[in-house]
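Look at the two complexes coming up: subunit A is in both, with subunit B in one and subunit C in the other.
So, the complex of A and B:
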């Protein structure tokens, strides 16, 4: 089982929505589409499902060209951001509906529905109507329907986005369960890097209708191909600053000088680091000290987000615990050089952060 | 803070009280007043109790009118509701010039005053100068709504369908437009048939607006007066004399104020009762069906 997108493009009214894309999804894999809103995740899913036809290119399913095949004739299940269930049918009938359309026998349907309901913790609500359930349960019902169908390709389009924080965490844990049950190709669209890391598998990062990178999730996280990918796969987004390498010395755009990145050729570069690597204290002897003005702090309790202005760059720092800081104050922040990714000025990765290890 | 008790707040409800009194309570009470009295002119009235009510309830003429009225409303509802839904399903869903054009075309009949609609169809159906009447007559059909009661009924029903189906279309269309696209995609992926999509997605989602459409069309058609009055005047014979036409004949034609007042009250209660029953049944079934 495999799904191959071959030189797919999509444009409408002359406006390109998806630029030329190649993607191969293998049997029984979890594939995350990671990107901001409007980056093309849903559009790409609609193409995979056959809800839209690509402007050019082919879609191969198990080697067979299915580009022109109707959605109805394909082997897909899909779950949406909205909770989509049949409003007038009970939860039981909702879950059973795809099986009824396949003309399965009564006992077969009953077994499958009970099993799926059990997995999705819906066993006590089978007689209810979807609107009499909580949002999380409604989405579970939709997930159970997708699961029961036993489709070879399961598309999940931000299924947790409309749920509150607690329910989202709860349901997040269920998704790998369904995945293991089904053995299908899963495609999961999300805006949140945490979800991609949690689900594992492969990740494709999307930006403005292009797939910027597709690989094993930890690989994409540790070795982003370019600055755009790094920005997408970091929450809050990656911080950047310019640097100039000359001889053994590196001069940052604010004038800070450090001796590091020895393997780098002389020239102008873009340095990037993740917000959680910024520190308020010098924990590491090589740590570089920057000064930045504190604009806003967001305190969640266990963590504090610092919104900083460094030179002409807006930075975000994520530090543990609650700190007594004054707004508008000039802070000293520290950065371990092993956490710095170096990009060319065009944004291509030149040198990954040394903490990330060698690329596998 | 200490509260000073006073009755000033009552003045706040006074405007509403006055408005309702003059617009509803006083006219209604006048009718009630007439319904229990008889007069021989000279503005002299005397008490007759419930005599008029008994007379109306036992009057064959009223029974016939009620029967015609019920049949008319039944036919109207069973044509306009399904037809309205059908048309709404085939309206373009994407916003654009085409859908705007369709909406304007559909809404057009609703903008025409009732007596004008009557006049249009009265002329349209005439066999000497009317396009419809003349054509049918020349094609050999025996069509004359002033003499044939079937033709009269057909004309009035077609006229009402032409005039009021638009309302059902607009309400259903609004209901359909509020269904998120994802429902249709999900149904497509589920391999649901067109009929299942209608039965399990569109119909349940349209239920609320359809309830309103049925109620409005019931009340309006049960009270219909202007159009049949203009087209047939209740004829031929009494063939299209619906309740309100009969009522006006009684009140203004014969000047039987007492019986007409009793008739009005019964008429009013019948509409109220049926609407209430309708509403209760539909809301109840809505709860059961989710």
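So, the complex of A and C:
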């Protein structure tokens, strides 16, 4: 089982939505499409499902060209971000509907529905109509329907985005379980890097209709190919600043001088680091000190987000604990050089942060 | 006792509304002689003879049968044409769709009288004159656009993702439309049917122009009761009462959806 997108493009009214894309999804893999809203995740998924036709290119399913094939004849299941069920049918009939269309026997359908409902904790609600359920239950009903079909390709388009925090945590833990049981190719679209890391498998990062990188999730996280990928796969997005390497010294755009990155050739570079690596205290003897103006703080309870202005760059810092800081104050923030990714000025990765280790 | 002004206004208003209907019922239960000779707030000699005339005379009850026949024909035709049209307008974009959708309503911008002459001449020449289908078809000219507008509004309220989920599940278009989609817009279909029914039921000019004997409508029958002996007031009033009933029944069934229907489903 495999899904191959071959030179797929999509444009409408001359406006490109998906630039030329090649992607191979192997059997029994979890594949995460990670990108901001409007980056093309849903569009790409609709192409995989066959709901939209690519402008050019082919889609191969198990080696067979399925580009123009009807949605009905494809081996797929899909769950949307909105809770989509058939409001006029009971939960039981909702889950049973794909099986009924496959002309399965009554007892077979009953067993499958009961099993899926059990897994999705819907057993007590089978007689209800979907709209009489809570949001989380509605989405579980949609998941159960997708699951029961036993399709080879399961597409989940931000299935948890419209749920509240608690339910999201709950369902997030269940999705890998479903995946393991099914042996299908899963494609999971999300805007949240945490979700990608939690689900594991492979991750494709998307930006403005392009896949910027596709690889094993930890690899993409630790070794982003370019600055765009690094920005997408970091929440809050990665912070950047310019640096100039000359001899053994590195001069940052604000004039801070440090001795680091010895293997780097001389020249201008772009340095990037994740918000959670910024510190308020010097924990590391090599840590570089920057000064930045504090614009806003957001306290979430166990963590504090610091919105900083450093030179002409807006930075975000994520530090543990609740900090009582004055807005508008000039802060000293510290950064361990081993957490710095170095990109060329065009955005290509030159040197990964040393903490991330060698690329496997 | 405290005097309730708003209650008084309300009572006066209801009296005002109900008076013509009461007077109609009042008349229908009187004899012609009593109607013409004395002024009485209620029938002195209660009689059901007027109703008996209608239920026994084929030219009277035939009028009801004819009207009901073409009204139902019209409603069925209008809905079966408007459903796919509304679905297309709500789900697809095609060349000129917005213009076409707007200009559909132009048929309703002219009074039916404008179309009486062309319909009469056309139907006479193709042999459709004085048939139920002639009136039904003529009324679809007004009802299809309205039904399309109402249904499109209701259909737009159903997320497109439901259609797609159904296709992914394996539903063919027609099974999906019948089993999944129609129940979701059932109230819209009810309201559209109501509007078709009401227009066709109360429309007089076309139905009178396009029929003579075999398919004569009740409204036309009522306008032709003047005879040598003058108007038959009592029977006419009884016919009026009976004409109100179907409309009242239909309104009763769609009363909860009617506001949405007037807003063409866009509430």
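Simple rule for what comes next: the second predicted complex is superposed on the first by the 360 of 360 C-alpha atoms of A that agree within 3 Å, B and C clash if a C-alpha of one lies under 4 Å from a C-alpha of the other, contacts with A are read in each partner's own complex, and residues count from 1 in each chain.
The rule is simple: a residue touches a chain if its C-beta (ideal position, glycine included) is under 8 Å from a C-beta of that chain, and two chains touch if they have at least 3 such contacts.
The structure presented is a predicted model; accordingly, all values stated were derived computationally and were not measured.
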* Please tell me, clash or fit, for subunit B and subunit C sharing subunit A in the overlay. => clash
* Asked: After superposition on the shared chain, which partner residues are touched by A:332: those of subunit B (first), subunit C (second), both, or neither?
  -> neither
* Where does A:101 make contact in the superposed view: on subunit B (first), on subunit C (second), on both, or on neither? -> both
* **Touched partner set for A:82, first subunit B, second subunit C, both or neither** => both
* Partner chain in contact with A:132 - subunit B first, subunit C second, else both or neither -> first
* To do: Return first, second, both or neither, reflecting whether A:309 touches subunit B, subunit C, both chains, or no partner chain.
  => neither
* Just which bits of subunit A does subunit B share with subunit C as contact spots? -> 49, 51, 71-72, 76-78, 80, 82, 84, 86-89, 97-98, 101, 145, 149
* Structure fact -> The answer for subunit C against subunit A in the complex is residues 159, 161-162, 164-172, 180, 183-184
* Structure fact -> Interface with subunit A, subunit B side, in the complex: residues 180, 182-183, 185-186, 188-192, 200-201, 203-205, 289-290
* **List of subunit A residues in touch with subunit B within their complex** => 46, 49, 51, 71-72, 76-78, 80-82, 84, 86-89, 97-98, 101, 129-132, 145, 149
* Provide the residue numbers of subunit A that touch subunit C in the complex, in ascending order. => 49, 51, 70-72, 74, 76-78, 80, 82, 84, 86-89, 97-98, 101-102, 142, 145, 149
